[in-house]
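Two complexes, one shared chain (chain A), two partners (chain B, chain C).
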Partner chain A sequence: MSSVMDPTKVTYLRPTSVAEAVDALRTSDGARPIAGGTDLMVQVRLGRRRPDTVVDLSAVDGLAELSEERIGAGVTMRRLLASEHAAAAWPALVEAARLLGGRQIQAMATVGGNLCNASPAAESATPLLVHDATARIAGPDCVRAVPLEEFWSGPGQTVLGPGELLIAVTLPATAGRSAYRRIELRRSVDIAVVSAAARLEIVDGAVAQARVAIGAAAPTPRRVVAAEQVLEGVAVGPDLERAINQAAVLAGDACVPIDDTRATARYRTAMIPVLVSRALAACVP
Partner chain B sequence: MTTTTCGPSSTAATGSAPAVTGSAPAVTGSAPVAPPGTRERTQRRVRDGLGTSADRPDGTPKVTGAFAFSSDLHDQRMLWGRTLRSPHAHARIVSIDTSAAAAMPGVVAVLLAEDVPGKATFGLEHTDQPVLARDVVRYEGEAVAIVAAEHPETALRAIRAIEVTYEPLPLLTDPAEAATTDPIHPDGNVFRTLPLRHGDVDATGDVVVEGTYEVGMQDQAFLGPESALALPSDDGGVELFISTQWLHVDRDQVAACLALPADQVHLTLGGVGGAFGAREDVSLQVHVCLLALATGRPVKMLYSRAESFLGHVHRHPARMRYRHHARRDGTLVKVEAEILLDGGAYASSSTAVLANAVCFAAGPYRVEAARIDGQVVRTNNPPCGAMRGFGVVQVCFAHEAQMDRLAAALDMDPVELRLHNALKPGDAIITGQRLTGTAPVREVIEAAMAHPLPPDPREDEPAIALPGGAGLTARREDVRRGTGIAVSIKNLMYSEGFDDYSTARVRLETSPDGEPFATVHSACAEVGQGFVTLAQQITRTALGIERVVLHAADTGVGSAGSTSASRQTWMSGGAVQLACDTVHHGLLERARGVLGVPDEPLVLEPGRVVDPATGAEVAIAQLLRAGPLEATEEHHHAPTSTLDADGQGDAHVSFAFAAHRATVDVDPDLGLVRVLQIATGQDVGRALNPRAVIGQIEGGIAQGVGLAVMEEILVEDGLVRNPSFTDYLIPTALDMPSVAATLIEQPEPGAPFGAKGVGEPPTISSTPAVVAAIRDATGKALTRVPVRAQDIAFGEAGAIPPTAGSTSAG
Partner chain C sequence: MTDHDATPDLTGPDLSESYALSINGRDREVADAWLGESLLYVLRERLGLPGSKNACEQGECGSCSVMMDGLLVNSCCVLAADAVDADVRTVEGLAPDGTLTDVQQAFLDAGAVQCGFCIPGLIVSVHDLLDRAPQPDELEVREAISGNLCRCTGYGRILQAVQDVAAARTAADAQEDRP
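Now for the complex of A and B:
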C-alpha cells in the first residue's frame, strides 16, 4: 500500500550554511536532506522513505556554486545546460543533463540529488566518473574527499554517514572529448535501461588517457578500468577501432545487471558493449 | 508535427479522390450536412453547424486549466474516502480487525462487506464481483474495506490500521489452465466459449500459413484518476458526481447495492479526464455512496495513480493460434483460429469482448469458410474489460500478421493480397451477416497507400530524430527503415440483440434578451470524444439558431447508453436529431398559424421561418412568445440478433473500416524503434466535425502505437509490477508519428447524417501496421505485442518468409 508523510509530524528546516545543515541533519535519525525533491518526494509518496525531518538545502550558502573545477551539489541540470563552460569541458555531462527527465524536472533536479539518490541508472554518475570527479563531503567533524567511484556502496546507498552532506564534486581539468549514450524505451522522459560514458584524451595521434563508465548495468555506476587499459597508448586508426571493440567486450564482462520491468539482464549485458563502443567512437576526433 | 490530409467533402459515394495535403492542424471542412428526414429544412446555413469544424465548448477551459475535472469536486463539509485493497492475488480472508482504525481520531466510518445493505455484488453483464470482499480475494487490489475520515491522510492511515489476516490460496494465473483448474469463483472459471463455423469447414487451400500470436495487457492510461463526490440527499437517497462512461448503468448498480429505488440515486457527470473503456465498469461508485449514506456527509474519493492501475479493468491479454488457407491466386479459402482471452478475476464485459474477437477473427476480408474457437476465462490476474477496440485489437494483430505471411508464401504484394480479398458491400462476414451498408475497404487501403512516404533520412538529421531519441545511441548508418500495412473492421454500437438506445431532450425558448436558444439535455458522457460539440452542431443546423446550451449530463433524463463502441455520434446524435425534429415541427406548426398558411410547406432559415411561395417570414423569437417548445425522444438502432450455436447471425448494426500504413526506423542492434509516420484511410460515413474526426484518428493512433512498442501491464504471479507512469510507458509527443489521414466519406444508410463512429478503428489496425513495418525493417518474426527492444535485438527471424513447414501444397 502506498503511504504519505504525515504532514503534522514532519519537521521542516531550512539552514543557510553547511554547518547549520549538518547540525540540522543531526537533530533526528529520520532526517533527510531535500534538494529538488524530484526523487525524494516520489519515494515518500510510494512509502519507500518516511523522513520525520526534511532539511531543505536550497538556501545553503555556496551549494549552488558552479565553477571551472567545481559543481556544487545544488547545481541543477538546467544550470548545467546553460553553462558554456560545462558544454566545452564536460560534454558527456551536458548530454546526460539534457535527457534527464523533461524540462520541468531539469529545472529542479540537482547534481547532488542525482548522485546521493544513488540509482544505478543516475544520469550524471557515469559522465562525472569519466571526468575523474571527487565527492566533497561535509560532516559533523570534518570535510572529506572521496573519489566518486567509491561514493556508492549499493543501489540507493552511499558512503555518507549520519549528518554528512555532499557539498560538491570537483573535477580536475581534463582534456579530450567525452560522450554519453543511453538506451531508453521511450524517446523522452524515461529512465535509462543502460547507459555508458566515455572520454578519450588523444595526444600526438595516440590515446593518452581513456575513461569508460557504465550505468544501470551493476548495483552501482562503475568505471571499467580493464577497458580503459586496452585503449591507453593505442594509435588512432585501425588499432584504435580494434581496441574500442575490445574495450566494449570488456565493459560487457563488467556487467552484473538485473531483470526488471524495463528489460532483461541479457538485453542489458548485450547492449553495454554497443553503448560503450558508440560512446568511445564519438570521442575520436 | 502532424500532417493532416482530408478527403473530399462532397457527398459522392466514392471517397478516394486524390487527397489534399494540408499543414497541421488545418482541416478543410466538409460541406454542412443537411439532416435528412424532413422535406422542410434549413436552406441557409447557420454558423458552426453540422459539417464544420466547430470549436469544442470545453476546449478553451481545458487548455487554460479552468475546466473542472471530477478530481476537482469539492464540498465544504466533505469527508475523504479510501479503499483498503488486497495485497494478494488469491487468498482467504481469515479475519478483519477494524477496531484500531475506527478508534482513530478523525475517522468517521469503517465499512466491510457486511455493511453493504443491498446486493453484495456488481458487474456489467454478470454481477459476480463483490462490492467488498467477504471471504476470498481473487486479484491484487480487490477492495476489502472502505473508510471515511476528515482528512485524506487520516483516511490513509486508517486503512493501514485495519488488520486483515489472509491465508494465501493457490494461484490460477495461466489462462490456458483455467478451464481445467478447480473453480476460483462459484460461477466457474469460464466466462464464455464461443465456437464459429462458417461455410465448408473442411475446405483446404493450396497454400496454408500458420502462426501463434500474443497480445499483452494494455491499460487505458487515462490521465484523470477515478474520482467522485457523493452527497446524501434529503429523501434518504444519494447524489453522485462521477466521471464515468454510462451514468444509467452506474446508477442501476449503485441502487441495487445500496437497496435504494433507482429514483433515489441521482448521478451527474463530473469532468472526465479520459476513459477509453476503463470507466465503463463500476470502480468507486458504490463505495463512495455507501460512505456518504453511512456518515450522512458528503464524501469524496480520489484514487492515486497506483490505485487507479489496480482499480480499473484493462485490455484482455490474448493468445491466438491461426491457420489461413488460400488458393494460388491469393483468394482466401478458410481461416481457422483458436482465441484465448484472459478475463482476470471478474467477468466485466468479457463475454462481449470475446464475441467481437470471434466475429472479426478473419478481418475485413471475404472468406469462404471459417472455423473459430474462442474462449474467455477467469484467472487471478487483474480483471479485464472494455478498452478502445474491444476484442478486435487482439485478433487484428493476428490476422494482419497472417495476411503478411500469406503474401510472402504466395510471393504476392501484401497490399495486392488485401485488395484481392477486401470485403465489398453485399459480401458476408464469417458470421454469415451480409454487409448492407457501406464497406469501402478497397478505398481505405488505397487512400492509406496514396499518401507520400516520409522523406528519406538526411545525413544532417539531429541525433534525436533517430530511434532511441534523446539517448543519442542510434547511428544513422545502422538504422533500417521499414513499412507495413494493416486493415481492420470494427462493429459500431452494441451487438447480439442488445438495444442500446439513447434519449435526448431539446427545449427551445427565448432568453431574457429576446434571443432564441436551445437547451440539449442528454445523459451522454462526454469523455473527450466531442459529443458536446456535436450536440450543439446538430441543434444549430436543425433549428436554425446559434445559441445552444448543454444541460449537465445526468440521470434526470433517460439513458444515453455508454460512451463506447464508437456509438455516441450515431446513437445520441440521432436522439438529439429526433428531438430537434419534433421541436422543428412544432415551430413550423406555430409559423403556419402566425402566417395564416395552414397547408404551405414552410422553410426554417437561420433565425426565422419563411414561406418560399410568398416570401413572408416570421422570426423564431416571435414564435416562441407562445412559450418554449420541448421534446424528449429516444433513438434506437436497427435490431440485431444473437449468434447461434455456430456463431452465425446478424449480430451487428454497422461496420467501420480503416487501413494504416506505418513507416518506422529501427536500430536492429539496439532493438529501438521510431515510428515516423502513419498514413491512414478511414471509413467515416460523413465527417460531421472534421477536426474532431482527425482528433480521434490521432489519439487512436497514439494508443495503437503505444500497444505496438511500449504499453504493457506486467503481471507476475498475479501482481502488477508497474502500476505507475514511470514504469508503464505511454507515448509522449516525441514518440508520436506524423499522421496523414484521408477520410473516406460514403454516407451510411440508416445512420443519422450518414456518419459512422470513428473512435476505435484508428487504434485497431495501427498496431499491426507498426509491427509489420518493424518486421519489414528487421526480418524478425515479432509475434507478440508490445514489441520489446529485446524482441528485436534477440528475436527469431522468420515472419517473412514463413517458417519452414508452415507452407504446404494442397
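Now for the complex of A and C:
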C-alpha cells in the first residue's frame, strides 16, 4: 500500500481564514483546495489529478456555517441531514444529501466539494438550482456572487479563476415545496444516472412560481426555463396535471446527454421526463 | 516549489515533524510523517493497526471504516491532518485484546463471515448503527451498512447477526429493568 499523495511532490497547506486560503491557492498553479476529500483523494489516487499543493479547507474559519439563507461550502451532507431548518426549507436538497453515498461518505462530503467538482450528476446541484442559489466566491481581488446556473462551464469545470474559492451558497427565502428524484444503478455507492429537482410555489390555488432542473442530462446541471414557464399561472387540478406532462416533455427536449458506462444517451433522454413529472407531482400539496 | 514547509506562516509547525493522534483513547505519536497522508495509511503503515482494511482506497467499499469524533468515515478518504485533535476509534478499540464484542460474536454465531475482508468495517458500522438506533428495522440496517461492500456473503447472515444483537441487547435491558 502506498500513500495516496507523495510528500516529496505535494505541498500540504492548512490555512485558517479565507484570506489565507486564497493566498495559499496562489502559491502555485497546481494548487488545489481539499474539503471532505471524497472526490479529490480518489482522483489523486487514480491519477486523474496531480496537484502539487493541496490547500486543506477544513480549518478555515466560517466555511462550515449553516444558517437560514446560507450554506457554507464546508457544510457536510450529514449536517444537512441533521438540520431541521434544511428539511423544512430545502426538502429537495436534503433528499439529495440522503442519496449521496453511504453514511461514511455523507460524513465527509461537503456541498462546496460537490458543486466545485462540477459533475453533471452532482447531487446537490439541481436542488440548489430550484432554490435559486447564488454562489459566493472569494478571490485575490474581491468577493463576487454568481447565480448558480452560471457557475459551471462544462463537465468538471467551474467559473472559478486562479486563487478563487467557493465560500458559500446563499438562498433567498423561497416558498412552496421542492422535491428531488433520481435513477441510480446502485443505491448508495453510485452517482445518479439522471436526476431532476423541482419546486412549485402555489398561491391561491395556482402556481405562482415554478422551477425545474435536470442533472446528468447535459454537460452541466441546468434549469429548464421553458418547462417552468408552462407551469406558472396554472390552476391546481387537471390543468396542472396537463402542464406537468408538458413540462416533462420540454425537459426531455432540453437533454443533451452522453453515453457512458451507466446508461445510454437515449435512456437518459427517455427517463428525464419521467423524473421531472415525478418531482413536480411531489411538489403539489 | 515542492518543499512542503516552504510557507511556514500558513502551515504553522514543520509538517514533516511528529504529530499526535488520539486512537482508541490513547495518544499515539506519528513520527517523521506527512499530514497529507490518508488516515488509513497512517493507521496501517505507521501505527501498526491493520484492522482497518484497505480494499479499494476509493471510498467505495467501507472496509476502512473508523469512527472520527463520533462519525463513521472511510479512513482512506480522510487526511491524517483532519484526524489530529479528533477522537479516532478503530475496530481494534472495540473490545479488550483477546475478547469479542457482542456484534463480533453474533457475526461468528450467524456464520456471517466468509473471507472476512469486509468484516472489520462492517463491525464498526454496525456498532455505530446500534449506538444510534438500538432496535433498527431491516431498512435501517440496510441503509446503515449500504456503504460497506461484501463480495462473499450476500448480506443475509449479516442482517441476521445485527437483528440477533439488537434482540439480545433488548432482552438484557429488560432483565436489568426488572425489580
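Just so it is clear, the second predicted complex is superposed on the first by the 280 of 285 C-alpha atoms of A that agree within 3 Å, B and C clash if a C-alpha of one lies under 4 Å from a C-alpha of the other, contacts with A are read in each partner's own complex, and residues count from 1 in each chain.
As a convention for this text, a residue touches a chain if its C-beta (ideal position, glycine included) is under 8 Å from a C-beta of that chain, and two chains touch if they have at least 3 such contacts.
Everything numeric in this text was worked out from a predicted model, so none of it was measured.
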| item | value |
| --- | --- |
| First (chain B), second (chain C), both or neither touched by A:274 | first |
| First, second, both or neither for A:95, with chain B first and chain C second | first |
| First (chain B), second (chain C), both or neither touched by A:229 | neither |
| Which superposed partner A:189 touches (first chain B, second chain C, both, neither) | both |
| Chain B versus chain C as contact partner of A:170, first or second or both or neither | neither |
| Touched partner set for A:245, first chain B, second chain C, both or neither | neither |
| Chain B and chain C contact sites that coincide on chain A, given as residue numbers | 1-4, 7, 42, 45-46, 187-189 |
| Chain C residues within the chain A interface of the complex | 1-4, 6-7, 10-12, 15-16, 34-38, 41, 44-45, 54, 57-60, 62, 65, 68, 71-74, 76-79, 81-82, 125, 128, 143-149 |
| Interface residues, chain B side, partner chain A - complex | 84-85, 87, 153, 156-157, 159-160, 304, 306-307, 464, 468-473, 475, 669-672, 674, 710, 714, 721-722, 726-727, 729, 731-732, 734-735, 788-790, 793-794 |
| Chain C-facing residues of chain A, complex | 1-5, 7-15, 20, 23-24, 27-28, 34, 36-38, 41-42, 45-46, 52, 54, 56, 58, 78, 101-105, 107-108, 187-189 |
| Residues of chain A that touch chain B when the two form their complex | 1-4, 6-7, 42, 45-46, 95, 98-99, 180-193, 195, 261-264, 266-267, 270-271, 274-275, 278 |
